[in-house]
Each structure stands twice: as C-alpha cells, then as structure tokens.
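Letters are used for the chains, namely A, B and C, taken in the order the chains are written, and counting of residues starts over at 1 for each.
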Amino acid sequence: MTAIETGRGRYAVQRGTRRSRRSLTAIAAGIVALAVAPFVLSSYAIDQLTELFLLALVAGMWNALAGYGGLISIGQQAFIGLGAYATIVLSHRGVPPYLAIVAAAVIGGVLAVPISLLVLRLRGGQFAIGTWVVAEVLALLIALDPSVGGGTGVSLTGLNVYPPADRQAYTYWLTLGFGVLLLGAIFALLRSSIGAGLQAIRDDEEAAASLGVRVYAGKRLLFVLASFGCAAAGALTLAKTLFIQPRSIFGLESTASMIFMVLVGGLGTFEGPLIGAIVFFAIQHWFADFGAWYLIGLGTTAVAFALFVPRGLWGWAEQRLHVQLFPVGHRLDVRAPDSDDRRSRPNADRSASRGRN
Amino acid sequence: MIWVSVVIQGVLLGAVYALFACGLSLMFGVMRIINLAHGDIAVVGAYLVWVVATRAGVSPFVAMVAVVPVMLVAGYGLHLALLRRSLAGGPLVPLLTTFGLAIVIQNVLQQVFSPDVRSLGAAAGRVTTASWRLTGELAISWFGIATLAMAVLLLGGLALFLRHTGLGREMRATAQDPDAAQLVGIDARAVYARATAVAVATAALAGAFLAIRSTFEPTSGPTQLIFAFEAVVIGGTGSLWGTLVGGIILGIAQTVGGHIDPQYSLLGGHLVFLAVLASPRSKTLAARTSRP
Amino acid sequence: MTDAGTGAATLLAVEGLEARHGLLPAVRGVSLAVAEGERLALVGANGAGKTTLLRAIAGAHPVTAGAIRFAGADVTRLPAHRRVGLGIALVPEGRRLFPDMTVVENLLVAGRHGRPGPWTVDAVLDAFPLLRPLRHRRAAALSGGEQQATAIGRALMTNPRLLLLDEVSLGLAPRAVDAVYESLAHLAGATVILVEQDLGRGLAIADRVVCLLEGRIVLEGAAAALSREQVTEAYFGLVPRAP
C-alpha cells in the first residue's frame, strides 16, 4: 500500500480490499474443490463441467482481446481449429495424445506471432475481418490436405487407449489446468504495469502511446496469449468430441458464442466472461433445440446488450454493489485529515464506456 | 488463349464482387463502420426479388425496380434504429451489433424461407445463358457484361454523385470531419442515414445479381461479405473506383486459382488479399484508420 | 429586449452556463449578453474555457446547466446544425477545413444550410482576393493564412447573424494575421465574438472585452475603458475576484 500525503488528507492506494482478498481465498478453495470433482461427481457432470470450462476459457480469451486490447476478432476460430489439427498431426506422428494437446496449444501461440504481424496492421472492423480471412485460409488449406482427413474430418484415435471415464477425467483436469493457467496469466498481467498500459491502450491509444506505453507490443502480447488459449480450447474440444471437421471447428459459431458470452457477462471486466459462460451454458442447455429461433434469440440478446447494457451483467452488478471479486485495479482510499473516516472509491479503470462523456 | 478466357471470366466475376463492395466501401468511407451484416442484407435483397418475381410473375429485373426503393427506405430505417446508437457507443460497438444483426438475419431467413438453395437464373430467362462467341474458345456471357456494366454504372454514378452534387459534398465533408460539418449546418445523422440507405440498396442489387448469376441460400451472406471486404482492401479503402478495381483483381485471382485447381479458387483470392495486406505500401493502414 | 448601454437589441444572452470536459468543469456559471452589431473580445489563458464557451454557444459542446438565448429564442438544447440555420456560425480553432475538398467545395458545402443573404462564393472570393486563384486547390494544400481566410469565408457562406471566431491568429505569421484582421474589417456591422490570445489585437478590434479565468468571468467592460494592465492582471488572476 502506498500512502500519499496531500493537504486534503491521506490517500492510500490499495491493490485489494478485505472483501476481495476473502473472495480470492474462496476462489482458490473453489479451484481445489473442482480439482477433486472427478472423484466425486458422475461422468456426465464432469463432461458438462469440462464444456463449461471450455466456454469460460474462450470467453476469457476473447474478452482479453476485445475488452482489454480493444481488438474485436471474429477469427479466433483460426486458432481453435489450429490447436485441434495440430493435435491430430502430432498424434499421427506418435506423440502421446495429452502431450500433443499441450504442444498443440504452444504451437498455436507460436504461430500467432507471425500472424499478428499481419493482422495487427489493421484496426477496428478491418482487423475483425482480417482475422476472419486468416481463419478461412487455414480452413481451406487444411481441407485440402488428405492426411488430416480433408473436408470430411478426422478422429483423434490416440485417446482410445484410455477407458472413457479416465479419458474424461484427464480431459477435465487438463481443461481446468489450462483455464486456471490462462485466466491466471491474464489476471497477473492486468495487475502488472503491462496491464495498466493495456487498459490505457484500450481507453485511448494515442494518449497511451504519448505516455510511452508500447501499444503495438501490448496488443501483440494479448493476441498471442488469446491465441494460445484458443488453441488449447480447440485441442481440448477435440479431446472431448474425438472427431472434428474443418467446416465446424473453423466455423463462426465459436466466435458468435464468444461474443455473446462476453457481451452478456461484461466486456472489459475480469469476472464478466465467467458469468457470460455460465449464462450461455445454461441457455444452450435449455434452448439449443429451438434451432433457428434459438440463434435469433442469441443474436438479438447480444445486440441488446451491446446497445443498452454495455458493461454486461457483471458491470451492472459491480456498479450497484461495488463488489470486485478479482482485484485487478487500484482503489483510492480517502481518509480525511482529522478523522479515521474512510470512504473508499474504486477508480474508473475498468470503465468499459468508450466515447462517453 | 485459355488464359485470356480465364482473365475475362475473372473480370466478370469481379464485377459481382465490386457490386457487393460498393455499399461496404461507402459505409466505411462515410461512417468508418464495417457492416458485418452487409452480405446478409444483400441476401435479403435476393430473397425479396425472388418473392416479388415469383408472386407477381415478373422478371427479376422488373422485381429489382420495386425492391431497390424499399431497401433504400429500409436502410435509412436501419441507421436510425440501430447504427446511430451503435456509433454513439464507440468505434467497436457497431461491429458487435452488426455481427448480431447478421446472425439474426440469417436465421430469420432460414425460418421464413427454409434452408433450400435457390436461384433466380431460370426466372431471368435467356439473358443468363446467352453469350457472345468471340472466337472458337472464347465466349462472354451477356449477363456477365450486364453485371460489369451495372458495377461501372453504380460505382461511377456514386463517385460522380459524391463529387458533383450538394448532397454528395455533404457526405464527403461529414466523412472527413463530422464536427466541422455540423458547424456549417450539415445534419450528420441524416447524412449517415442516407449513406446507409444507399449501401443497403446497392447491397440488395448485388444480391439480386448474384442470385441470377448463381445460387443463394440463407447462409450465403458471410461469404459475400468476405469477398466484398477483400475487394475494398485490395483496391484501397477510400476510393470507389479503387473498389471496382479491387473487385476485378479479386475475381481474376479466384479464376486463376480455380484454373490451376478448382479447389484453389477461394484460396487464390484470399492469398492476394493477404499479400496486399502484407505489402508495406498498403493503403489500408494509412488511409482511413485514424481521424485527421 | 435592448441593451441599456448601446440601445441595440440583445442578440445573444448566455445565462449561468456550465459546461464540462468529461468530469472537469470548463465553464462555470458564465453569463453575458451581446448586442446586435457588437464586437466582443473573449480573452483568457489556455484552459480558461474560451473555446468551450464558444462551442457551447454554437451547439457543438453539451451544456450541463444554464441557458443560451439567441434573438430571444432558447437554443440551449438545439443541435449545432440547426443553430447555423438561425444564424450562429463558428470558425473553429485550428480552422478545421475539409482537407480533401477544394476551397470552392468548402464554401459550397457551407452555403447549403445557411440563411439567405448577400454572401455567395463570389462575394467571399471578392472579400478575400487571395483565395480567388486558389479556389480549386485542396484545402490541405493551403498555407495557414489561406486556410484561415477560407475558414472565415466558409462561416460567412451561412450568412450568420452572429460570427464566432476562435483563435484566428493561432499558428499564423504576423503578415497573415494582418491580412485576416483586415478582412475582418469588411464585416463592419456584424456581431462578432472573438477569442484572441493576442491582447493587443483583441482590444483594438473589439467594443467590449470579457476575460475568463478557470471558467469564470473575472473582468468585463468596454475595450476603450480598460487598460492593458487591468486586462493582463485579470488574465493571470492577480486581482481578487468579485463575489
């Protein structure tokens, strides 16, 4: 805690309140509880949880790009598909499947570097479609390659050595592991000075650059991280479903769900994507059978949130209740000179309001 | 000689892309919005023309004459209802809302019209199958030429409109500096709504031409959006004539790729796009990415 | 409603105006009145709120409290483009011409929504003869002085009743500034509010002076009656403010 003396009282800059420290402990305990779940819950429940974790992972990644980097990507499926197909290729070469999954995620992150050199030259809507074109190119290239099944798809046979229950548990743990790792990395990033710089970039790129924030490097870091996460998600999806096709794994559906989750949960907040993932998971469960109407509902909801609830459900809750589970910001604690009267005001660093005065 | 035919086919294909790109380019130039629902709006146009053509028993060309004004009004309304608010939310919100809109449109079309693939080619009659025989191997379809003529007319007409008319000047002024524009009495909201109206109407036209030339279905939108966008980028954002050239280059890239191997046609276009993107002289970065 | 001093009608009345930049107050409770035909110089240091005040009067900046009355009508909530039709024209700080349009095009685009009146493209080119040979040149290719002339001409194309000039001498060579002020002399009889950092020029051309400091009026009076020292002291906040 840094204390600053001014004429008007003492100001203390806190990194976390007592409440958020409590919640962090609770979250750590929660993660431990989740880790032992496969010994306790049914395999159906484990399967469902894995799906939920995958959703939270990709939502978190998309939010990192859009909410903290100001980069709206409609091409993350490029890396999801890349991760899945890299797993296949490695597995065909004899790499044990779970190792292949981890390696595939790393490959995705590595490939993101040259790809970022290309797409980060674009901004705004051009960046969005540029990333989409990259995804389309990858899908086309892979569909041309018969050794990975071409357009008809391919299976991850390497996992057949494991009995189904074990396979589910391993996939679950790996998903949980990646989720905690990546979301933890984002959390650590945001708390660091790089993170402050990133949020400055999001709010006003030119101003940030004028202060010496390395805008380009910051965006590239987010892009690589998000791509690594999406590649992991793609590889893990393969582990879960065992069969993929270029058309589906490189499809826009994953991006559409990412956008929905983040918009509904809260763009630019740390907790938002998690809330959004839970909401989406539930909605998918109840309504996916309604086919086109389900998608119309999703699209309309996303538009409504983008226009009317820009900070999402979590942003709304945060404003009302002044809670913050993950202390990613800085709070200004104001103490009047004579009294111990403390009034604490969270600063506006997480405001997702752009162009609003 | 066969390559000449390939290139010519590419030019004619490119004309379709230029038609699609016209509206996208206009909206981006005036409002800095990339309308992710642009392709789907074009498909709506195709469906409307199909409905009018089949219900009224007229040629799709006649149906177009009825549909275009309707789409003009619809575009104006789209701006007032959705885009205006999206613009107020910041530069990224329009991307999100138009993406959501695209999903809604695709699925509404699917519900209303079923996922069946359709075409307006038959309804358009002889004009779609007739062609000029130039030499033994070289034939150019009438409809291809008609599409090219339409693209030139539309893009050229818009360029002239922007350069020489009062409303066009207003649009250019608002595009260059909306704040200064309001200070000289220009209603930016009305300008944007007009631009959206024109973009939507041209999209509908493009959709109808595509429907006549080949097939369409509820999910045809996104593919056309990508091609339209690539045409705009290849031709250099900020110029309508550039969009025409970009569309033609894209068309040629696809036909050349497709001639080498049918599976390479789309890839050919994408690779040219990425190459343009990677080139250091690319006008996409400088031209319209920051306000003066 | 007439102004007791000159007997001319009050064209613009600003009452208790408050405006902000984000959370920062820029204009705090400013009230002033400008009579028809009067020339008001608005002076003050950078950040005193002069530009914000002008933009608020023109409708380009949102107002959080107070009222603006123009020719008797309340225009506080009227959008900027509609105020142009009523006769308020702002020449913004930094000229803000449309860079890829020619001089003539800049003039024409302003003429569409103004009031009927004597100013036409030809009239503007006559008033600013230096522009005539440049009339088909792109605005971005003009020099500072040429741009300023075009910007003023563009505002004139709307045939305004009230002309708001924001820092017309900024960034210009002294000769160019001379030329600009010479052409302003053409506008005898026009109602002008002029923001000017150059105190000498401001006092010379104006009938009345208002000095702003941190968003509030700290000095107000006839230009002839105030000395440079008085204005300078108010400018820097060296005078205790009136309650």
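By definition in this document, a contact is a pair of C-beta atoms (placed from the backbone, for glycine too) under 8 Å apart; a residue touches a chain by one contact, two chains touch by 3 or more.
Please read these numbers as outputs of a predicted model, since none were measured by experiment.
Novice: Report which of B-C and A-B is connected by more C-beta pairs in contact.
Specialist: More contacting C-beta pairs are found at A-B.
Novice: Return the chain whose centre of C-alpha atoms lies at maximal distance from the corresponding centre of chain A.
Specialist: C
Novice: Compute the distance, rounded to whole Å, between the mean C-alpha positions of chain A and chain C.
Specialist: Chain centres of chain A and chain C, defined by C-alpha means, are spaced 50 Å apart.
Novice: For chain B and chain C, let me know how many angstrom lie between their CA-based centres, rounded off.
Specialist: 44
Novice: Counting in whole Å, what is the centre-to-centre distance of chain A and chain B, each centre being its mean C-alpha position?
Specialist: Taking the mean C-alpha position of each chain, the two centres sit 33 Å apart.
Novice: State the interface residues of chain B toward chain C in the complex, per the touch definition above.
Specialist: Those in contact with chain C are residues 166, 169-170, 172-173, 176-177, 179-188, 292.
Novice: In their complex, what parts of chain B are in touch with chain A?
Specialist: It comes out as residues 28, 32-34, 36, 82, 85-86, 88-97, 99-104, 106-108, 110-111, 222, 225-226, 229-230, 233, 237, 263, 266-267, 270-271, 273-274, 277-278, 282, 284-285, 289.
Novice: Where on chain C is chain B touching in the complex?
Specialist: For this pair, the touching residues of chain C are 58-60, 79-81, 84-85, 89-90, 92, 96-101, 105-106, 108-110, 112-114, 154-155, 157-158.
Novice: Mind listing the chain A positions that touch chain B in their complex?
Specialist: By the definition above, chain A touches chain B via 66, 70, 72, 74, 118-119, 121-126, 128-130, 132-134, 136-137, 140-141, 143-144, 252, 256, 259, 263, 292-293, 295-296, 298-300, 302-303, 306-307, 310, 353-356.
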